[in-house]
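Below: one structure, written as structure tokens.
For clarity, chains are labelled A, B, C and D in written order, and residue numbers in each chain start from 1.
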């Protein structure tokens, strides 16, 4: 088992108030995601209504990769906690953003754009193509796979062009979407993955689980250099400081 | 003359309180920049201490490219105005961010990272190399040019990898820097250009003026599609909506 | 009228031997393309069976942007001419590669990958989405447009990830494709555009003509620096050469 | 120990004819590189003057990552062998290209550009900066490190913009260089690393060995999808084929 420490974060609101959602994810989406990750990683969960949304300084200091799910309560996430997560990504923590979390405060803050899109909920078919077959997130996947019933997300997806585009999605209703997007931000790595829904059984699907498992490995910190910033009064090489005699 | 409408924004604080700065830019850095742009574009200026920082809805609605200079009063820029500028970039307005404005609220919001760096002020030499000679911002430039006395900015520059890297800077004291960085954000384009200083005469230098002039043309809106977002209940293609019979 | 000099190159073989093709493009695809460009640019044509394929040193020296169409005779293009075109791209000439020219020698040489793909010819619908609305090639286009009857090209398209992805295509039969791809190569710029076919009337379609017209403007040389290479025995800065005393 | 199979390829000519080179690399550069990799990987070597340059079908079929060194005999590498290596990269084999191998046939074929640059041999200092601290190739490195005596390579380096820029080099004599460049090509990954020389002791330096070791891990194949190409007469979704009644 890898020593990567994963925290799966979920709003965990919809499951409590809507029987249809509870029927699919009785213990919450976070628990379903944690389940399939547990064989491979050291996995914990955290939810919105815990103190500090379950994301205390200590929890984050002990998280290598944070997985984020939210869709109806983005506005209830405190800015202070968003800033805390953001600071950890800058330091190197990986972040995996799922489906409707495209509109989470943390993803929008990291992207620097609206992250808006088109959407429709009629349970149409989605076909996910691997565009970059040599990327580690494509490990163990076929050339494409289908999600039989999906909420559609359509372009223009208002994001910066990904550093690497791993997946693209085709939708039965006529749209397409950049559905697997890799970014470097600070010393951290961010992966946005489109599929997922609160009533379609997407997170029980084998290929989806493979992608998220691969993404955890890709997003984990790499023990790169400690980056330092600020004033460097002494040059590395000899330089005679300049004085403007004309002034 | 091109019909591109440029607004040059400046804090315009340092020039008022520091004689050395005023000696170099007696009417403010914005006026110096506006001067060399005036032959080519329809140029206006705006400053921090004007009502709404000079960036009213009307001013922004009539701006194709906004040039941003700031270095000591980033915190005094109201979030409301930052949000307004941001919204215009999303719609397609170009933004050119100069030197110490790497730490402006608007640039950090658009980048999604800290935008931190290393710096030193001993007036050392900077040599700017053109890395992408086919890019329109490289028009009319030599392979490299020098800024004889510059404030040093050194890597790690904590930005997302640029969509296109046009320039890299070499510094006498031993550092280097990604000094010309192109980004798409929303329907807008952003260009960060490193050189510039409040007491070195950088903005009077021919090559620097050429770069900023080229960047205005590159960053100007392109009359692309009006992007729409949100609910699309009707699929473009015929799809029979799915109903989960098991539920 | 712009002073950009365009040469439209075509195999011009299929039109001569197949009545169906001739019915759609009686004077050759090159003539159809040249027609809609003529109002805006200085346009010439060249074809495979002319001496030196119509691409003499003089013709290329006087070409700012070369448009390339081929699909059944890629192997008949002489390597010597391919090398000549390649050398001109390195110097700054723009190249627009249309549809089945994905398999032309020149495109494969510039990409450094197989440029292979999946394909099908049943005249299905293609829907082309603008992914980067702020890019100059998206000028004047709607959010998406349709090609009513197209040959399908499907991913994996074996190309390097584009510098900028302007368009993505959705196909009725279930595939998708990266259909508008921008690259810098040497001092030149390359645009691959997927639509086009020898019997479907793609090049008579307004939006297709808009894209190709925009692409010519984008790909045209920019008068950037003359890049020089090779030995630089004298350092720019003072350096005492090193002698290995241990040797 | 990882199961990654590495083949280190070297011209192995200069070491035989030049005493100075032999003094530094008595058993050839390939042997020096193989030495520090052996603790971590399954390492073999191959050289130019072996039959088929030591790169038989069998050797390549059993190579996960190929490391390439050459500088004076690029022209002696047979095109047939270059095509064989190229085909394996397309299938997923990793390729690490060192220093003067920027001008090897295989690297130029994979890049699609001249790969030309500026160079000087006075043993000046090189300082290598980590630009992307979250990238796996930056693992275990400081923010920057120095090569005390290096051959200078200067921009413009005539390559396509890397998918990821991991390192940039500063040179004492006044130049800079994109010295650590990641590319996807086909299903394979390519890493170009600038440092290295036949008489400076670069490959005995700890940080250089760390980079190459990291790069092997990054470039190794990922067991992604088997990509298939060609005719797909049957659409995945139901489509009524179109017949042009007007023809």
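Note that a residue touches a chain if its C-beta (ideal position, glycine included) is under 8 Å from a C-beta of that chain, and two chains touch if they have at least 3 such contacts.
Only a predicted model underlies this, so the values are computations on that prediction, with no experimental measurement involved.
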{"item": "Between B-D and C-D, the pair with more C-beta contacts", "value": "C-D"}
{"item": "Maximum centroid distance from chain A, chain identifier (CA atoms)", "value": "C"}
{"item": "Averaged-CA centre spacing for the pair chain D and chain C, given as whole angstrom", "value": "28"}
{"item": "For chain B paired with chain D, centre-to-centre distance based on mean C-alpha positions, whole Å", "value": "36"}
{"item": "Multi-chain contact sites of chain B, meaning residues that touch two or more partners", "value": "127, 130, 132-133, 143, 156, 161, 163-164, 172, 174-175, 184, 186, 225, 227-228, 236-237"}
{"item": "In the complex with chain C, residue positions of chain D that touch it", "value": "20, 23, 90, 109-114, 116-120, 122-124, 149, 152, 154, 156, 158, 160-161, 163, 172-175, 183-186, 199, 225, 227-237, 239, 241-244, 247"}
{"item": "Residues on chain C engaged by chain B in the complex (per definition of touch)", "value": "92, 127, 130, 132-136, 138-143, 163-164, 172, 184, 186-189, 221-228, 236-237"}
{"item": "For the chain C and chain A complex, residues of the former touching the latter", "value": "127, 129-133, 143, 155-156, 161, 164-165, 168-171, 174-176, 178"}
